[in-house]
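By letter and in written order, the chains are A, B, C and D; residue numbering begins at 1 in each of them.
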Amino acid sequence: MHLGLVGLGRMGANMRARMRERGIEVTGYDRNPEVSDVDSLEALVAALPSPRVVWVMVPSGEITRGVVEQLSTLLGEGDLVVEGGNSHFTDDAAHAELLAARGIRYVDVGVSGGVWGLTNGYGLMAGGTEDDVAALMPVFDALRPDGERANGFVHAGSVGAGHYAKMVHNGIEYGLMQAYAEGYELLTAQDIVTDVTGTLRAWTQGTVVRSWLLDLLVEALEQDPQLATIDDFVEDSGEGRWTVDEAIDQAVPLPVISAALFARFSSRQVDSPAMKAVAALRQQFGGHAVRAAQPPA
Amino acid sequence: MHLGLVGLGRMGANMRARMRERGIEVTGYDRNPEVSDVDSLEALVAALPSPRVVWVMVPSGEITRGVVEQLSTLLGEGDLVVEGGNSHFTDDAAHAELLAARGIRYVDVGVSGGVWGLTNGYGLMAGGTEDDVAALMPVFDALRPDGERANGFVHAGSVGAGHYAKMVHNGIEYGLMQAYAEGYELLTAQDIVTDVTGTLRAWTQGTVVRSWLLDLLVEALEQDPQLATIDDFVEDSGEGRWTVDEAIDQAVPLPVISAALFARFSSRQVDSPAMKAVAALRQQFGGHAVRAAQPPA
Amino acid sequence: MHLGLVGLGRMGANMRARMRERGIEVTGYDRNPEVSDVDSLEALVAALPSPRVVWVMVPSGEITRGVVEQLSTLLGEGDLVVEGGNSHFTDDAAHAELLAARGIRYVDVGVSGGVWGLTNGYGLMAGGTEDDVAALMPVFDALRPDGERANGFVHAGSVGAGHYAKMVHNGIEYGLMQAYAEGYELLTAQDIVTDVTGTLRAWTQGTVVRSWLLDLLVEALEQDPQLATIDDFVEDSGEGRWTVDEAIDQAVPLPVISAALFARFSSRQVDSPAMKAVAALRQQFGGHAVRAAQPPA
Amino acid sequence: MHLGLVGLGRMGANMRARMRERGIEVTGYDRNPEVSDVDSLEALVAALPSPRVVWVMVPSGEITRGVVEQLSTLLGEGDLVVEGGNSHFTDDAAHAELLAARGIRYVDVGVSGGVWGLTNGYGLMAGGTEDDVAALMPVFDALRPDGERANGFVHAGSVGAGHYAKMVHNGIEYGLMQAYAEGYELLTAQDIVTDVTGTLRAWTQGTVVRSWLLDLLVEALEQDPQLATIDDFVEDSGEGRWTVDEAIDQAVPLPVISAALFARFSSRQVDSPAMKAVAALRQQFGGHAVRAAQPPA
């Protein structure tokens, strides 16, 4: 199997390496010539045997859209585009339609595993037709973790299902991280439990809460026991928002996942207008003292 | 009616003034001689006709407990203690028992209205026997808002019920304040609605969300349109915590009131260990950049 | 002033009545001939003096869109459409653009007050140009509560601002209702407070939590003290969802308003897949008994 | 090493089996003679070499208290009681004090692992003095998972720390379970992802959300793909409540863990007074239809 891979950032470069290790021939293209195997998307396409398979692994939104549009002009009948970025699932129908007009097939894949996927393998969720997914099976087998295929790969449904599944995966991830974080904070808030890192590490085997995220939290704490070097400022990259938006559309209650999302929003606020308003209200009705706003540092 | 009043702080002093305006004779005692009518609790008790009625309006917890204990030695058979502070409802049984051993009667009262009670009257929730509450009716009528007695006063149940009702009142108050505050923040977060204060003011009549708290928020914004002088740091004085604790004991879900309580806790954190942990986790699995902890200002 | 009013349902019919009482001439059109003043939209337009002013008060979404489209063909240069339904604020730009192509002016208005608006007046939030809003001032003055204009009316910003403000108003409303409801539930969950309705009624004057919603809750409880005739099934009509969606777009944390929304979603579930999953997990790890699913009634 | 074990229920019996397999001599006592090795607590104590070590593994609260009290009269100077049940951490100080008065040592241990501990080993968190914990190390090593001691065992602090750590562990567990459950529900709410069980199974390797709880959820779904046999009724056994109570005492925000706890409370309600109140309010202000209460089945 010979695959074209567009996008050789943190995820793409590792995926290329893993696929090559496992016998997939990969020609990679990136705007950065230092990591790219070819000079252009045209050159990438030219390098591939027919039917050509191109895996797109670039930032979601406009950049992905742009690459898909370019590929729609460069590829042809029977070729296959795999979109593996963190795209919103509603983008997939548009991509598939655009490509289908040229006879180009389309599969969307949610990819989980972060920087560890290179060694551990990636969890993969694919959306598309039976035939298109089957055609990609050697690639999926190279990328997924060793062991049973079903533990690490699913054909989740038709086009869009891969990204839908990945979106929900990430929503769950927000909830899990916040649950551990809240427990960690409570452990640090008192002085009964004196070995916080040891306690979390003791949970990594045998307990109900053992997980890969817990292993990583222990790792972080062993590197920096008070997390003293890390600011309490947490980005979000979209999937958590999409999960809550989608749940609202489906009237599915998500109290935990939404709370985790909002905690991130709050973490990034220097000043909360809402809490200023609550302080102002307490002052108004009760004459409670407010703390004067701090001058900017 | 002649009442003894212990505690002449923000609440007590205003209550004394309102009762006097409405024909209740009040002898007040406070540790601060500048506001006190008498020199000591002994002098207060000596000044009252029998059966003596003493209203306690001091900070809850140990201070209230101390005053009740003193009164248990100074008062006697048939006298009546009214405990109107923000005490936890479980304190009332202990107070009542202590006093009952000496034949002293006990009524607990939840008092709402803050600094505005002087002019508007106070919302009152009483706990005690029919007879004891009836004996205090002239006092309650002086303190409650004008108009129908039932709009401003309730005999909520036996001893403890007044403070229980006040606790729930304050729990609701947390939720209401946070709801307005969240809406206010959303109004400030975008530039479609350009007159935020005017919008809130327009809501003060006719709308579903009109309330006294909304009036106060408009007041605060008219004084300081960006709330620029007020820090986003919000204290909590106990009743919100008690409400959530009690709901947990009763297996009653309180998602909104608890969220409002937790928002206050978060508002007081300079640094959130939980969010540091989430940031650390994202770095571990995804290689996501973390923001380096800021050196203390 | 002579106004055309499209839509004479619960809200529209009351608004017609209030405007007529206050000297505004109103010609109303509704598909239901029993309440309609004219036979058709064409007839409505024909009945109005130039420049014609037509207030649209029909269900949001496709129905509103359809009426606006029809009006774009029936009205002309200098006429003015007022859209007062519960539309999403993003619909307004499209409406305004469609009408502007024909020289027709557009103002969006958020209207609050429910069935009580007829007697109390409606809280109004308008979005549009200074001139267009000024032209409608006699109508707004008829609809808003008596008293100061600013307490009941705001020109919130340009087109879309009226519906944006109304969306946030309703989001807050969700939070307020849930806060009272949680407190009410806690009062019913124990037997210390024996007069629950009386307690809520006592809060209607003097207290910090007094509000119109509280008055209504007392009303409901006086009609049906256990709410025994009312099912715990709560609809949502869109604005709560929009508020949370918009907050997510703006990265504004809304823990209380979202919790209130999710409580409604949960209230409508006969069976919660999430809680089945939690029960299944407890059984798996702990051998905890699960309750067998109940056969459908 | 020869240990006495009181309580041979689901947890105790498995722990006895695991310890015996690993060379610890165990004499077990249970009120149920079918599983008990001896006839009475007295007989258990008599069977043990000095200094005697007795591990208590019975339901928390009064039953544990009763056993500890009995042991305080049966054991003596230098003996050691290990309390491994799911007790509240504040019980430990009382137990330790009672026993210390007789010269009996005390260690509390949080034990996680459920029915799987027999084969996988148990995660253990111990509270007590260095010497007392050291004396129990052979027992801990038999019970904990194989591999590095620190992955499965921690000496968390002095008396009470074991149960404190276990409390937090279980609080986190609530949050984790709810996060998976919410994601699962969203997957079932739409028809884009058609293979829900397969999707969850694909997440068990390589992904960020992989964990033992996820493995168990997949197990449950493979046994019953719709969870059709399981009711959406979820018990809570105390540690989640304690975690939130303790966080409130420490002013630590726990939005996720509390939301998970409240979701369980809601799951057990046949009828929600809060949501009846919200429905009643909507009817009052908006004339919105309510659903009539259903007659009991």
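Definition applied: a residue touches a chain if its C-beta (ideal position, glycine included) is under 8 Å from a C-beta of that chain, and two chains touch if they have at least 3 such contacts.
Protein names from UniProt, one per chain: A, B, C, D = 6-phosphogluconate dehydrogenase.
Since the structure is predicted, the reported quantities are computational estimates derived from the model, not experimental observations.
Counting C-beta pairs in contact across A-B and across A-C gives the higher total for A-B.
Centroid distances from chain B, each centroid being the mean of CA atoms, peak for A.
Separating the CA-averaged centres of chain A and chain D is a span of 32 Å. Taking each chain's centre as the mean of its C-alpha atoms, chain A lies 37 Å from chain C. In whole angstrom, the spacing between the mean C-alpha positions of chain A and chain B is 46.
Among all residues of chain C, those that touch two or more other chains are 114, 178, 180, 182, 185, 189, 208, 212-213, 251-255, 259, 262-263, 266, 272, 274, 285-286.
By the touch criterion given at the top, residues 10, 114-116, 177-178, 180-182, 184-185, 188-189, 212-213, 216-217, 219-221, 224, 227-235, 255, 259, 263-264, 266-267, 271-288, 290-294, 297 of chain B touch chain A in their complex. Chain B meets chain D in the complex at residues 208, 241, 244-245, 248-249, 251-255, 258-259, 261-263, 265-266, 268-269, 272, 274, 285-286. Chain D makes touch with chain A in their complex at residues 89, 112-114, 117, 120-125, 127, 144-145, 147, 150-158, 160-161, 164-165, 168-176, 178-180, 182-183, 185-187, 189-195, 198-199, 201-214, 243, 246-247, 250-257, 259-260, 262-263.
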